[in-house]
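Each chain carries a letter (A, B and C) given by its place in the written order, and its residues are counted from 1.
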Amino acid sequence: MIEPIVTFNDVHKSFGDVKVLKGIDLDIKPAEKVAIIGPSGSGKTTIIRMLMTLEQPTSGDIIVDGKNLWKMEKKGSMVDANEKHLRNVRGDIGMVFQHFNLFPHMTILENCMTAPIHVKNEDKSTAKQRSIEMLEKVGLGDKLDNYPSQLSGGQKQRVAMARALVMRPKVMLFDEVTSALDPELVGEVLEVIRDIAKEGEMAMILVTHEMDFALDVADKVLFLDEGVIAEQGTASEVIEHSTNERLQSFLHRFRS
Amino acid sequence: MLAQGLTITISVLIASAFFGYLFAFIAGLCRLSKNVILRKFTGFYVEIFRGTSLIVQLFWLYYAVPMLFGIELGSNWWVGVIAIALNYGAYMSEIVRGSILAVAKGQTEAATALNMSRFQRMRLVIFPQAVRMMLPEFGNYLIQMLKATSLVSLIGMHDILYYGDILRSSNLSQAPTVYLLVLVFYFILALPLIFLTRKMEDISKKGVASQ
Amino acid sequence: MNIWSWDVFADAFLVIVQGLGITLGLTIACYLFALIFGFFWTFLRRIPFKPLHWVITWIMEFIRSTPPLVQLFFIFYAWPMVPVVGMTLDPFTSAILGLGIHFSTYIGEVYRSGIDGVDKGQWEAARALNFSTRQKWTKIILPQAIPPTIPMLGNYLIIMFKEVPLASTIGVAGILHMANSYGAQYWTYLEPLTIVAILFLVMSYPSALLINKLEKKMNRRFDKKEALNSSKGATA
């Protein structure tokens, strides 16, 4: 039995009085590709934002590569993690955002190079070389010195992926990465994700509305509804053969 | 003769701009600090200096501080510089604070996702963008500070306005020419600052992700 | 020597407060002058004649980027000497003109930003409904252009209030002037100047809070993003 790289143990999350997640249990194996689908407001994004340490869970444990993400041991008991602990554990995780969040004051090469140099203390020439290779891989080798404002949405999102990949995460999170794109630009971004998925060594969690894409790429699909995982299984089990009524009506809206 | 006052006007402007920006950054960052005492204290400074007049502050530093503490703030030149710098530092600290807060939240999140430390997020991502937002306002305030330097003539500094007053009192009928010339002098000093401000507006339009 | 004396404080307070009426009166007068004169700039700049537009823009820039103190001196000391149109003005009137004109250039900009903020479709709608020029302005444009600028205009009231003590230099007997003459008479500046500072603070700080509130309300109402910096400075 392979040890899971990510584990959620009865994770709850509330914003004020609103309970967004009501007990999430989840195991993700290394190199596994997981798609999370579900209606908006069901808490999909919150799951991966907690994994990226952008939101703190209200209760429950999140374990990444054997380390508890949000808690640390202090004098024999578990207390809330401090910034230092978080920095130690989140190095294994990378994230691509819906709205790209590229650094507008840097060229796209600098966008990719900055973190390896400053966070991983790589020397400049190595970081630069790796960044260029990664940008070439996502098809932007000719735009190295452009600023994000000069790129299309699809190109920006590909830069954002290169930027995250350069950090060599063990788990990569994709937060509705095509939702902010014009329809004709969605394809190029999905293509890159497909390529990354084929290489295989990284676990990937994708929050997405692209059902066909999920079917194609994901080993496992989770249907999140009203704060719980309502259905899970292989892509074809969940998307094509499920009898869950709410899932059916949710899928129906995408298939019409 | 007016040109003799240029040295004082320009030196006061440069020094008070330097210290003004310095105070602005220190106070602006302190107001964002997690330390409540630091935040309250700088908030107090900012409100006091924004809530009263520069001319009152200048006189207070000039007349009252020596009486209160029995110390002289060095020369009148320093009194002028400190008054202008404290006053505009308070105003501009609000710009520093506002600009840092205006950098989009997604930028901090992206930097966190790349595992940058708090300090790295500030230094590499937030600050460079915030400074771009500050530039046009900083330019505007530079012109305001130039105008404010004319107040130092009231505490006996020999700036442009001081020499203007001397000329006027020696020949009353020349007053219109004299003051017009004084105004033109200030305007010539302001012109490069006006163009600088426009340039900064152009710069700041690029390279910022604001909410 | 006694550094701080409450007796002096009380004594000076009674003297200085007498100047409060002048200070507040001058503030209001300057402000009204600037509000009205601001329209003058705004409309002059709308005349579609390039050279005139250019000249007006630079005159405004000139007034705005030179010290109000010098402008005050110009009107008080130099205006009487100007041939033909010159006349002697008392300090109070000089201060209204000097500070009023200086700030009218800022107020003019505020009006302009308000007018620019009116949706282009509104102009077209006014034309489509065949309004006269006058009706277009009074019924359509200005009612939409002015309300969003009210917080900014309020800010300028506070800014002008803090600039009014400049008038003490030409002898307007406001609170700063009273404090200075009290100080000169008894050779104690500490208490009088502190009183002046306190008076300014207790009047401007609550007003600033009020305007902040107003601004938030307006922003919500007009669905605008909060301004980066509400207290855009025009001081000197």
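We take it that contacts are C-beta pairs under 8 Å (C-beta built on N, C-alpha and C of every residue); 3 or more make two chains touch, one makes a residue touch a chain.
Chain labels with UniProt names: A = Ectoine/hydroxyectoine ABC transporter ATP-binding protein EhuA; B = Amino acid ABC transporter permease; C = Ectoine/hydroxyectoine ABC transporter permease subunit EhuD.
Quantities reported herein were computed from a predicted structural model and do not represent experimental measurements.
K.L.:
Please indicate the chain closest to the centre of the assembly, with centres calculated from CA atoms only.
P.N.:
When every chain is reduced to its C-alpha mean, the one closest to the whole-protein mean is B.
K.L.:
Quick one: which chain's Cα centre is the longest way from chain B's?
P.N.:
Checked the centroid distances; the maximum from chain B is A.
K.L.:
Which pair, A-B or B-C, has more C-beta contacts?
P.N.:
B-C
K.L.:
In whole angstrom, what separates the CA-based centres of chain A and chain C?
P.N.:
54
K.L.:
Using Cα averages as centroids, what's the distance between chain A and chain B in whole Å?
P.N.:
Comparing mean C-alpha positions, chain B is 45 Å from chain A.
K.L.:
I'd like to verify one number: the distance from the centre of chain B to the centre of chain C, where each centre is the average of its C-alpha atoms, in whole angstrom.
P.N.:
The mean C-alpha positions of chain B and chain C differ by 20 Å.
K.L.:
For chain B, which residues are in contact with chain A within the complex?
P.N.:
104, 106-107, 109-118, 120, 124-125, 128-129, 132, 206-209
K.L.:
Flag every residue of chain A that touches chain B in the complex, lowest number first.
P.N.:
52-54, 83, 87, 90-91, 93-95, 97, 99, 101-105, 114-115, 118-119, 147, 149, 160, 163-164, 167
K.L.:
Which residues, counting only chain C, touch chain B once they are in their complex?
P.N.:
3-4, 61-62, 64-71, 73-74, 77-82, 86, 162-166, 168-169, 176, 180, 183, 188-190, 193-194, 196-197, 200-201, 204-205, 208, 225, 228-229, 231-236
K.L.:
Sort out for me which residues of chain B touch chain C in the complex.
P.N.:
47-48, 50-57, 59-60, 63-64, 67-68, 70, 87-88, 91, 94-95, 98-99, 102, 133, 137, 140-141, 143-144, 146-151, 154, 161, 164-165, 168, 172-176, 178-180, 182-183, 186-187, 190, 193-194, 211
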